[in-house]
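Written out below as C-alpha cells is the structure these notes cover.
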Amino acid sequence: MNYTSEEANILVQALPYIQKYYGKIMVIKYGGNAMIDDTLKESVIRDVVLMHYVGMKPILIHGGGPEISAVMKKLGKEPEFVNGRRVTDAETMEIVEMVLAGKTNKGIVSIINNLGGKAVGLSGKDANLIVAEKEENEVDLGFVGQVAKINPGILTDLLEHGYIPVVSSVAIGPSGESFNVNADHIAGEIAAEVSATKLIMMTDVPGIYGNFEDKSTFISELKIADAKKMIQNKQIGKGMIPKVEACMTALAGAVERTHIIDGTMPHSLLMEIFTDTGIGTMIVP
Amino acid sequence: MNYTSEEANILVQALPYIQKYYGKIMVIKYGGNAMIDDTLKESVIRDVVLMHYVGMKPILIHGGGPEISAVMKKLGKEPEFVNGRRVTDAETMEIVEMVLAGKTNKGIVSIINNLGGKAVGLSGKDANLIVAEKEENEVDLGFVGQVAKINPGILTDLLEHGYIPVVSSVAIGPSGESFNVNADHIAGEIAAEVSATKLIMMTDVPGIYGNFEDKSTFISELKIADAKKMIQNKQIGKGMIPKVEACMTALAGAVERTHIIDGTMPHSLLMEIFTDTGIGTMIVP
Amino acid sequence: MNYTSEEANILVQALPYIQKYYGKIMVIKYGGNAMIDDTLKESVIRDVVLMHYVGMKPILIHGGGPEISAVMKKLGKEPEFVNGRRVTDAETMEIVEMVLAGKTNKGIVSIINNLGGKAVGLSGKDANLIVAEKEENEVDLGFVGQVAKINPGILTDLLEHGYIPVVSSVAIGPSGESFNVNADHIAGEIAAEVSATKLIMMTDVPGIYGNFEDKSTFISELKIADAKKMIQNKQIGKGMIPKVEACMTALAGAVERTHIIDGTMPHSLLMEIFTDTGIGTMIVP
Amino acid sequence: MNYTSEEANILVQALPYIQKYYGKIMVIKYGGNAMIDDTLKESVIRDVVLMHYVGMKPILIHGGGPEISAVMKKLGKEPEFVNGRRVTDAETMEIVEMVLAGKTNKGIVSIINNLGGKAVGLSGKDANLIVAEKEENEVDLGFVGQVAKINPGILTDLLEHGYIPVVSSVAIGPSGESFNVNADHIAGEIAAEVSATKLIMMTDVPGIYGNFEDKSTFISELKIADAKKMIQNKQIGKGMIPKVEACMTALAGAVERTHIIDGTMPHSLLMEIFTDTGIGTMIVP
Amino acid sequence: MNYTSEEANILVQALPYIQKYYGKIMVIKYGGNAMIDDTLKESVIRDVVLMHYVGMKPILIHGGGPEISAVMKKLGKEPEFVNGRRVTDAETMEIVEMVLAGKTNKGIVSIINNLGGKAVGLSGKDANLIVAEKEENEVDLGFVGQVAKINPGILTDLLEHGYIPVVSSVAIGPSGESFNVNADHIAGEIAAEVSATKLIMMTDVPGIYGNFEDKSTFISELKIADAKKMIQNKQIGKGMIPKVEACMTALAGAVERTHIIDGTMPHSLLMEIFTDTGIGTMIVP
Amino acid sequence: MNYTSEEANILVQALPYIQKYYGKIMVIKYGGNAMIDDTLKESVIRDVVLMHYVGMKPILIHGGGPEISAVMKKLGKEPEFVNGRRVTDAETMEIVEMVLAGKTNKGIVSIINNLGGKAVGLSGKDANLIVAEKEENEVDLGFVGQVAKINPGILTDLLEHGYIPVVSSVAIGPSGESFNVNADHIAGEIAAEVSATKLIMMTDVPGIYGNFEDKSTFISELKIADAKKMIQNKQIGKGMIPKVEACMTALAGAVERTHIIDGTMPHSLLMEIFTDTGIGTMIVP
C-alpha cells in the first residue's frame, strides 16, 4: 500500500489507544462466523497480529462447534444436544479433541504465522493449562466439564517470549481424561487468572438488546445485576448466557473491561479497542 | 516404595551417566508398539520424565501410523500406500493432522503431565517449527513433504523454562498448508538443529542385523558407509531405512551419538543411557 | 476518535511495515520548517511517538539555525556566514549551545513527553556522545567542528529502557570546549555508529531534482556515484549537500536505507516508512 | 603523584566511610561560589567524581542565578525580584531555561566527563523528571513554580548504568510549559523521592549561626522544630530558608542525614562525608 | 555398570521422590563412623553427589571429634572434657581449627570433587557465615561457643552457582577470635536460616529408642514435647541430645522435616529420602 | 578521623589511579614478614580491603612457611629442605594442609571480614581450583607438586558476588591427594588464568638489585631476558627466583604488569598502585 497523507493521519489517531494498552494482556474469545468464513477469519486474525505488534499481548481462546458436528456426521455419529449442551460420550470426546486441538487450533496458528506473528497452539492439556471436573447436570452429559483450575504459567512464559498463545477448549480431568468445556467459560477464567486488561467475546450479533426484535433497544453498557435479571427474564438468549457469565467471571477477577462484540463486522476488534465509546455491549460490575 | 540398601545402591550406579548427560539435549523418536501398548507407553514416558528430572533435556518426536488408519477407516476412507508411503490427499491430510496433533500428541502430553512432568505439545505449525516442501516422487503422493527448514526457537524457549516438548510429525508448507512428513526424518533434522547430544530412535526390534533371520548377526555399532551399502544390498528393511537416514542427518549435524533401540523392551531408554556399552545399534560416522 | 471499519482497515494495511521495522533503530534528522511551524512540529513528533509505540527505536537529531540567529540579534550580535557556514566565535558558540541544548532540544523533548512518549534530551557533551575536532577551513570559522568520534553507549542504554533520545548538534572538543557541528553530518555519523536500519533526513523540498526548476526531473533513487557527480556539477544545492553526505556516511556504515524527504508534507515520515515505494529521494550505494 | 607511606595512610583512613556509604545515593545541591570560581568548580566536581568511583551514587542538582542575570542584561532585560524571587515572564523563562539547561548544565557535565566520570545532564523536562505547578504568591511572579511531582525513573535508570545525573532547576508544567523552580527545593524533593542516604546543600557560609555576627554561635546540629522557630524569629536569613526547607522535605521522606555545608572551603564535600563529626550544620528531625 | 531392565526399574521408582525434593535445600549433619570408615565415607558422599545431580541442593555440616583428639595427642596435649564438652584453651582451639577447616573439611571437599561434584569448603569465618558468642557454663570451657547469628549469603550464592557447600564447625567471635561450636547445633541453625526442606542428622545408631536396650522400643516419630520429657528422664543419651536440639531449632524455623538416621547403614541417606516411610527417627513439632 | 582540607586533597590525588584500575582483577601474592608481624598484617590487609572498595577485584594468594615449621616442631618432626624446597612426606603434607588451609587462610579471612570486607578462604581443592602433578626432582621431595591446571570458575563466581577470594597454596592431585605447591608459582598461574591486570608479589626487600650489597644498583624495571641472565649468573637469589618466574608466567598470559614489592614497607601496595612510577621492581616482557 502507499499511504496518502490522510490515510497516515488515520494511523496517528490510533496512538492514544496504542499507548493505553501498551503491554496489556487482552483475552479474545474467538468464535462464530468469524471462525467459519475464510475472508472474515483472515481479517480478524490480522487484527490480532496487529494488536501484538503495537504492543498488546493477545491470547486467543476458541471452541469449534460446527466443525465438530461435521466430522461426527462423517463418522456416522449423530450429534446430540441437551439444553444446547453437546452430549459427549467417550467417542465423541475423542472427536471433539481431534477437531479442536488438531484441526481448528492448528488452522488458526497457521494463519497467524502466515501473517507474520509467532503463534503457539495449546490445548488445556499442555502444561496442565486447564484442569476440569465433571459438570453435574440432571441428564448425564458424559465428558462435559467445568473449569476447576487454570495453570497460567505456560501462557505467561509464551507471552514473555513474544508468542501469541491460541487455546482450544479441551481440558484435562483429574485422572488425565479429556473434558469438553465451554470455550466462553474458559475465556472468562483465563482472563481472570492472567489479570487481563480486557476480555473480548466475539459473537455473530452486535451485542445485547433489551428486546432483540427492536434494534432501538440495544444496550451498550450493562451492569452485572441487570444482566442477571435479564437472564432470569429470558431476555438474554441461550447462546449469549455463557458469554455474559464469562464476563462476570472476568470482572470478579481483576479484569478491567469486558465486551461482547460482533465478530462478523470487519475490524470490530480494532473498532472496540481504538475507540473511546467502543462497540458492542460492555458488561460492567 | 521403600528402598533397601541394595536397591539404593543401584540408584547410585547411575551417577556417572547422570553427570555425563547433565544439561544435554536428548532427541527421542518415540514410536512403534511403545506407543500402542498402554503399559509400555506409561513405562517409556516415565523413563523420559526421569531423564528430565535427573538433568537431561528430552525432546519427544512422534508420528502415529496405526491410529491414522483406524480413524480413516471409521470415516469410510481406505488408507492407500505406495512403497510404504501413505498417499495423502487433502482429506487424508486433514485426518492425519487431527489424529497426530489432536489425539496422539495430546495423549502423550497428558501422560507426561500426569507423571509429574510439564509437557507442551507442538505440531510443526506452532511457531513454524517444521517447514516442509512437497516431496517429489514418481507417483504423486499428495501432501507428503520433506523438511525444508527447522525453526528451533520454540523448542529452546520451552526447554529453558523446564518444559518437555512433544512434537508431532505435521509440517507447514510454503503457503500455510499442512504436510505429512516422516517422523523419523523430523527427529534427525531437529536433533541436528538443536545440537542434541544423543538421538535415540525407538523401534520394535533390537536393532540392525546383518541377517535378520540370524540373531547372531546383530550389529551393535554400524558405520555410515556400511549402512549405506546395507541399504543398497537391501539388508536393511524398508521400515528401518528412514531411521538410519535420521541418524545420518543427525551425525552430519553436531549430534554426538545416534542409536536405534527396541522400544518394546522395558526401560530400553534408560538401559541405553545409563550403560557404558549401551543397547541397540549405534550408528557412527 | 471512533474508527469506522474502513478506517480500521487502513490501520491494518500498516502491519507489514510495522513487522518489517519492529525493533529497528531509525535515525531521523529533524529540521527545516517542520521544526518551526507549530502545527507541523506537533504532527511530525506525533509520528515519531507512533513509530516508538509500534516497535521501532527512533533517535532524533536536530540543529536549530533560525532560533540561533534570532537570539543573536536580540543580543545585538550580527550572524555572519562564510559559504553558508556560521562563523562561530566564543560568544556565538555560547549562544548556539544555549539555544540548541537549552531551548530547541528541551522544547522537542517536552512535546514528545506531552504526546505520551518518554524523551531524554542530550547534547554531544552528555556522556561524551559527540566528540569533535576543529574543522580546518581556508577562513577560520572559530568553534566550527567536525565529528571525530561518536560514543553511542548512552543512546543504546536509553533505547533499551524505552526512552526516545533527542540529540542537539553541540559537540565536545578535546579539552572540553564546545563545538558547533553540522546536524546533518551528526545524523549520518550516529546512524552509522548505532547500525540504524534507516536514516531519514527531513528538508523543506520533496527531494532531489535533476533540475530543480523542472519538477518532472524528480529523482526517487540516486546512486552515490551519481550524487557525487551532481555535487561537482552544482546540480545539488548547497543546503542539500550535507544531507547527501550524511547519507553517504551512513551507507558506508551498516545503515540499510537512507532517505531525504519533505518534512513540510504532513506525515511524510509515516508515508516513507509505511509504503513500498516510499517518498522523497533514496540515496543508495 | 607519588604517594609517600604517610599519604597512603590518609587514604586508608577513609575506608570506614567508604564502606558506610557504598552503593548509597547522595543528593548534592551544587551552587554558590563553588559554581562560579573555576578552580573551586573543578575541585568540587572532582570530589563528586571521586565519590562515584569509591562506590557512592551522587546526583547533582543546580540552579544558576548569576549567569541568568548576566544573560538577561546582555539582552537588555532588567532582572526583577520580589522578596528575593525572580519575576519570570515568558521571555525571562526562555532565558532561564537556555542558561540553565543549555549552558550551566552542560558546562558541569563537560567538567565531570573531562575528569573521567560519565555525566548526563537533565532538565526537569527530560522524561518528565520534575513536574511543577504555578506557585501562588501575592504578587504574580509569572513562570515561578513549585514541585508537584518527581518522576525519578530516569535518575535510577542512569545510576544503574553508572552515569552521574546532573539536574538543572527547570520544571515542566501541566501543559508542557516551562517553570522556574527553586533548585534547593528540587534537591529536597528528589532526595526524598529516590530515598537518598544524604542530602548535602552547598552554600557560601559555614552553616547556620545562632547569631551570624558571633561566630561562636555556630550550630552543628539543628532540630527541625528549632529551625522553624529560628525562621520565624528571622534568625535564619532569606537565602538560607529554602535550604533548610529542602532538608525538612528530605527528612520527611526517607533521607537519613541532611547537611548545609560551605562549598567555598576546598573539599568540604569530602570533609563532610569522610568524617565522624562532619562539617557544617546538620538538620535533624 | 550395565543396567538390566529390573535394575532400571528400581531407578524409576525413585522418580516421585526426585520430583518431590526437586530444587529443595537439604541440610545434612555428617558425622560419626560415616566420617571415619573410608568405604562408608565414599558411599555417603556419593549419595550426596547423587542428591545434587537429581536436583536437590545439599549442604554438608561436619565436626570432627576423633581427628582433633588424635592430633592433640601427637602434639603432647591431653584432650580434656567436662560433661562431654571439650575444654578448649587457645592452643586447643588452634588445633581444632586446623584439623576441622584444614584437614577434615578439605578431605570431604576432595572426595566430592573426585566423584564429580563441585564442592567448596567453608568454615564459619568465611564471609562471617557462623558468628558465635562464648557459651556460659559453670566450668569455663574456654573457646567453646554457641551460635549468635548465621549469615547465610555465601551458602545461597554457592548453591545458586551449582556448588555443594561443606561447612566445618568453627565459628567467628565478636572480635575475630575462633570458637569451637557444636556441629549438631550449627546444622540446626543453618537449616532454619536457609529454610531447608529437610534436616538430616547422621549418627551411629538407628535412631531413638524408648529403652536403648530393647530394640523393640524404637521410635520412628517423636514429638518435641515428648523428646523434651525423654531428655529430662535421661532416656535420651548425652550424644543424642544436641541432635534432638538441632531438630527442634530447625522445626522452630521453617524446616519441614527433621530426621536422625544411622550413617553406618549403607545408603541410609537415600533410604530416608527415596522412601515414603523413611528410616530412623523423625522429630516432629 | 576528621579530614582536613589538605588530607582530603591527598584522597583526591588517588582518583586517576582509581579510575584506571576500576573493575580490574589484581592478584596479590601475600607473604614474608607482612604475614608475620601483626601490625603489618592488619595494615596490608586494610590496603586490600580499600582496593576492593574503590572498585578493584583483589585475589590474595598465600603460603605460610614459618607457621608450618613451627607446628611440625611441636609435633616433634624436624623440617627438612633440599635446595630450599621442603621435603614433604605424607605426614608433613597433612601438617602443611592443616596449617595453610585451616590456620593461615582462615586467619587472613577473619581479618578481612573484621575490616569490613567479605572474604572467602579457598584451598586448591575447593572446586578443584588448583590441580597439581608431582614435581620431578633429582631427589624425591614427596608431595611437592607443580601446577597442572587452574579451574578459575570459583574465583570469578566469588568476585562477581563481591567476595575477596583468599587462596592457600595447597593443590589437588590426579587422585585427590594433596600437593604442596610453591605459592609464588600459583599466584603467577592464577593471574594468567583470570587475565589479571596486575600481579603483585610481596617480599621482604625493596625489589631486585644488580648487586644486593650495593643499594645504588636497584633495578626498577627488568626485562624477562635480562632476568633470565641474572638467574643464570646467580645475581638473583634463591628466594627471589620463584617470584620472578611467577611474573614471567603471568606475562606469558594476558597480565599487563607484574611487580615485586617490599611488603614490610607500610602501604607499599597502595604506593605501587596509586603512583605513576610505582615502587619495587617491575618485570616486563
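We call the chains A, B, C, D, E and F, going by the order they appear; numbering starts again at 1 in every chain.
Keep this in mind: contacts are C-beta pairs under 8 Å (C-beta built on N, C-alpha and C of every residue); 3 or more make two chains touch, one makes a residue touch a chain.
Since we're looking at a predicted model, the values are computed, not measured.
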Set of chains whose contacts include both subunit F and subunit B: E
Turning angle required so that subunit C lies on subunit D, C-alpha fit (0 to 180°, nearest 5): 180
Copy pair subunit B, subunit E: interface residue numbering same or different (half cut): same
Whole-Å gap between the CA centroids of subunit C and subunit F: 56
Euclidean distance of C-alpha centroids - subunit B vs subunit D, Å: 68
Euclidean distance of C-alpha centroids - subunit A vs subunit C, Å: 45
Residues of subunit E touching at least two other chains: none
Chains listed in ring sequence, where subunit A comes first and subunit C follows it: A, C, D, F, E, B
Subunit E to subunit B touching residues, read off their complex: 1-5, 7-16, 18-19, 22, 43, 46-47, 49-50, 53-55, 115-116, 265-268, 270-271, 274-277
Complex interface listing, subunit D residues touching subunit C: 71, 74-76, 94, 97-103, 105-106, 109-111, 113-114, 118-123, 125-128, 154, 157-158, 161, 163, 170, 172, 175-176, 178
